[in-house]
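What follows is one structure encoded as C-alpha cells, with my remarks underneath.
Each chain gets a letter, A, B, C, D and E, in the order it is written, and its residues are counted from 1.
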C-alpha cells in the first residue's frame, strides 16, 4: 500500500471502473493461458493421473504412509540442518561482527600510553588482523555456497577429519551464512544513528561496552527482519545437501522418485512444503519489520537508517539454491 | 543372547588379533557404501532400507563377520565418491556396482569379482537407429552416463563430439528420465543397471545390441588391508558354493530376467 | 599445484562457460524481472496478484527445486526450451543452440528464480523514492504517466542499482548449481570432474575454482560498495 | 484585500484516518488575495487541511470548491486544478535528479506545454526574484535549506497559480535561513497572492496575515484577524498554546 | 558566579576537517558555575567546539584542559573524563532499546559502579526533577520530543558531572515543547552548574547566560555578557546574524 500511495492518487469513480474492466479482462486471459499452456500439455501426458499422485495425496494408497514417513524424515533432517546452521551462523556471525568492529576501533587507537615500539607492534598487529578478517569475509562471501559445501565435504576428509554428512552441510552453510550475518550485524551497528555511540561515549562507556550494551542489541533488533530472511535462505540452502548425499527432503524425494517414477508430483509436493514454511517466515519478517518501524514512527528521534539496500537484497537474493 | 545360534554378537567368531574383521566383530557395527538409486543392485525403497544384489552380497559378508544385519549402517556411495569413502575410512566396504580396474586399484583394493556385467546401451523401445556404440560415431545422437563412471569414459571412445553428445549426471535416474523425456537418445552403462530400468518400464525402453565391454564387479576395501580382502574373497567363494550367492541374485536382480551365469573366479592379486 | 597449469584450459573453459550462463541469465532475469515489477505495481488487482504470487513462489523455493522443475517439467510440458535457440545468439553462445537442452533448462531455471529477486530490487527502488517527490510532481499537475517518467523512474533506477547488483552477484554464485544439473564443463562441474573422475589433488583444484568465482563476484561487490558509499554521501 | 466571491471554500469537511477524526466538520472560506495563517498544536490536522485543498488527501464528506468549481475527483481535470494551486512543502521536495532550473521549468513545459525557451526565460526571472538566479544549474543537494525552499516557491510560482499553499515552509530550516524564505513569502502576500500558510512563525502571522486560524484536534477553533487573535484569544486551548509558544 | 581557577580552558585550539578549518585558533575559558551560550551561523563550528570539550572530536593543535588536567587521548582515562562531563545532543540520542529509567541508570551502574538499587533511586529522583518520573518504564519512542530531551538531561546529570554541554538541545523540538526543556536548563543554571550551551534561543541566552560567545567561520568573534552583546554587537558579522535571527 505504501508504494501504491507514492505512485497513485486515490482513485476516482472512472479510475475504479477502468480497474474493474482491466481486472476482468486480465483474469480471463490468464485463465485461458494457464489452460492451454500448462493444464492441457500436462493432462495430455497423463501427469494428473491418480497413479502418479495417489501415493502422495490418497491416504488409502498402499504407499501413502511409507512415502510420507520418508518425506517426514527428510523434512526433519532439513529442519535439523537448518536449525544447527542458523544457530551456529548466528554465534559465529555475531563474534565476527564484534571482532570486526573492535578491530576497527583498535586500528584507530594509537596506544599513546605504551612504549613506542610496543605501540607500533600493537598497531601493526591490529591492522594485520583486521586485513585478514576482511579478506576471509570477502572470499567466503564471494564463493557459491554449493562450492563451499562441496569443498568442506571433500576437503575435510582429505585432511583426515571426517564427520557425518549432516556436519559437512552445517559447516558449509555456517561458513557462508556467518559471514553474511556478520555483515548484516555490522552494517546494522554502523547504520545506527551516530548519536547512539556518541551518547554512550559521552557517559563514559568504553568502546567494548558501547558495542556490547548499546550497538549490538539495537543492531539485532533493527536487523531482525533481515536475520529472519536469512533463515529462509538457510532453509533453502539445506537442499544443497543432496550433492553430498545428506538425506534432506529433496534427496529423499529423489529416492521416492526412483521407486515411484513420479518426479513432477513429488517436486510439487516438496516445493509446496518449502514455499509454505518460507512464506510464513517472510511474513513473520514483514510483521516484525512493521512493528519495529511503527515503534520508530512515534519516536521523536530521527528515523534510524534502514539496512543498506545492498545488504538486505543480498541476504535474500543469495537464496542459494 | 538370541543371536548366538546365528553366529553373531561380539566375539562370536574369532579373528586374528588386530585384523579388520576382529575390529568390526568387536564393534558389532559396520558401515557399507552402496548405491541408493540402482534398481536390482542398491536402491533405497520406500521403507527407507536399501535393497538389491549388492546389498545382499554385502549382507553375506557381514553375516560371516558375526554382525547382525540391523547393525549395518548403509552409506550412499554414488559412483564418483566410491574411492574417497574407502580411502577416508567413511565406510568399511563398498558394494556398489563397482567395476574392478587398474586405475582404481591404485587407490583401493578389490575383493571379488562376484558378478560379471558388461556395458550396454539402453534406448527407447521404438528406436531402431541405435544398434551399438558405433551408432554414436556420426556425431548426432546424445548419450547419457554418470560423472566419473567407467561407462562414461568408455563411451568417449565412440562419440564424435564429447561436449554435445555426452551428457553426464550424478545419477543414472536422471539419465533414464532424460531418455524418457527425449533430451538424450540413449543411456549407456552396465547392462544390469539398464535391465533394472527396463524391468520397471518395459513399455518404454530396450537394450540396443550386445554388451561391448566386460565389467567385473568387486567389493572395495582399503588398499593395504590384504587380510580383510582375503576374508571377503573367502566368504564370496563360500557363498558361490553354498547357494547363498545364487539366492541373493534370484531375490533381487534376477527378477529382472538377467542371466547370472556361472560363478566368476575371484581374483586374489 | 601443477594442475592449475596443466589443466589451465579446463579451468578457463569452465570459467568461460559459467560466464556465458551468467550473462544470458542476467539479461533474461532483468527482462522478466522488469515485467514482473510492472505487474506488481500495476493498479489492476489480478495482475498484481500474478506478480506477487510469482515472487512469493520463486523466492521461497530452493533453486534446486526450480532446476528440477525445469529439467522434468519442461519436457512434461512438451518443451525442450527450443525457444531459446535464438538464431544470432546461438552462434555467440554455442550451448544455446545444441540439441542438448540442459544448458537451456539451467538457463530457464536461473532466469525464473532470479527474476523474482530482480522484481523485488526494482520495486524496492520505487519504494525508495520519497513520497514527497511524487506528491510534489502531482501538485504541479503532472499526470500519472508524466510523474512516472520524469520524476519517479529516473530516481528509482538509481536506488535500484545496488540491490540489482547484489541480485546479480547472488545469481553468479547460484550458477554454480548448473554443474550438478547436467551442464557439462562449467566451473563447478569442472571441480567435480577433475577431483572425482580424473583424480587430481583436491586443494589446488579448489583454489583454481575459487579464483574463478572470486574473479566474478569480488570486483562486482567492490564496485557496488563504491556506488553505495557514493550514493550515501550524495544523500 | 478580498474581492468578489471567495477563491477557496471548504464546507463541513470531514476526514478520518482510520478511527482518527483528523478534520472535524471544518468550514472555511478564503477570499481572493487573502492570506490565511493556520496555527495549532502538532497533530491538530493543519497539514491535512492544507493538503485537502489540492486533493493530495481526498476527504470523506463535505465539499471543497476552488474558484467556483467543486474539486474534480481524478484525471486531467484534477491535474489542471493542481496546476492552478501552488504547493510548498516543509521538506522542499525538489526533484533531486534535476537542476534548479529544470525543477522550475518542468511543470510549465510538461503540464502547460510552454516552449522550453520561454519557460526557461520565465524560470530564470523567477529564480532571480527569489534571489538565486546564480544557482540555476546546480542540483538541489548543493543548496542550503533556505535556498532550496526558495526554489520550491519559484517552482510553484512558475505555474502561475491562483493560490499558494504553504505547509510549515520554514520549520526544516536553520534559524538564519528562516528570514530569507519569509521575506519571499511576505512580498508574495503584499502582491496580492491568495495564500494558505501553516506555520509557527508568529511574526509572519502578525504582520502578513489577514486572518489567523487556530486548529485543535481536527476542529477549527478560532478564526480572527491576527491583532485580535494574539491580543485576545477566545478559547482556552488557544491561550494555552500561545503561552507555550511565546515564552522564551 | 565564577570561583577559583576556570573549569574548562581551551588554548589556541585548531581543528581541520580535511581542508576545512572548523576551529581557527580558538581560546576560551569557562569558570566554575559559569553558563556560556555559543551562537553563530550554521557551519560556524559551534557543535565542533562543544564536542571537542569531551573529546568526541579530537583536535589538531592547541590544548584543552578540564579541571586542571589536559584531556586524555584515549582509553580508561578518556572514559573517566567523559563521565565527568555531561552532554546533551540535538537529537536526544536516548538508547532506543532501554527504558527511560535504564537510560538514566546505565552510566552510574556500568561506569561509576554504583549499586543498581541506589542508582535506581537516584535515577527516579532525577526523573522527578525533570518532571517525568511517571514515565520511568516506558521506552524512548513512546515519549514526546520534549520529554525525551528532559530524559537526556537527567541521564547526563546521573553521572554527577562537573559540567554540562548542550548542543542545540531544543532545535529538534516542536515549538510547544521548547519551553519545558529550557525551563529545566534554566533551573540547572541557577543552581550553579557549569554549562556550555549551543542554542538559537535568544531568550535563554539573554536571561540565563553569564556570557555569550559568537562564532563565525571557526573563529571566536565575540565574547561578552548577554546584555552587552545583544544591545551592542561589536562585529559586523554578529550584527548581520542578529538582524537575521531577530526579525520576524
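In the analysis below, a residue touches a chain if its C-beta (ideal position, glycine included) is under 8 Å from a C-beta of that chain, and two chains touch if they have at least 3 such contacts.
In this text, all values refer to a predicted model and were calculated from it rather than measured experimentally.
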item	value
Shared interface partners, meaning chains that touch chain A and chain D	C, E
Steps needed, at minimum, to go from chain A to chain E via contacts	1
Chains in simultaneous contact with chain D and chain E	A
Centre-most chain, if every chain is reduced to its averaged C-alpha atoms	A
Dominant interface by contact count, named by its two chains	A-C
Distance between the centres, which are taken as Cα means, of chain E and chain B, whole angstrom	81
Chain centre separation in whole Å, for chain C relative to chain B (CA means)	40
Where chain C and chain D are represented by their mean Cα positions, the distance between them in whole Å	47
Distance from chain D to chain B - Cα centre to Cα centre, in angstrom	84
Contacts with 2+ other chains: residues of chain C	72, 76, 138, 180, 192
Residues of chain A engaged with two or more neighbouring chains	9, 11, 15, 154, 158, 243, 263
Where chain B touches two or more other chains, by residue	81, 84, 170, 177
All chain pairs that touch each other	A-B, A-C, A-D, A-E, B-C, C-D, D-E
Touch list for chain D against partner chain C, complex	54, 56, 76, 79-87, 89, 91, 93-97, 106-107, 110-111, 141, 152, 155-156, 159
For the chain C and chain D complex, residues of the former touching the latter	130, 132-133, 135-143, 146, 150-151, 154-155, 158, 234-235
Residue ranges of chain C in contact with chain B within the complex	71-72, 75-76, 80, 98-102, 180, 182, 184-185, 189, 192-193, 196-197, 199
Chain E-facing residues of chain A, complex	109-110, 112-113, 193, 195-196, 198-206, 209, 213-214, 217-218, 221, 295-296, 298-302, 304
Partner chain C, residues of chain B touching it in the complex	80-81, 84, 103, 107, 140, 142, 147-148, 152-153, 163-170, 174, 177-178, 181-184
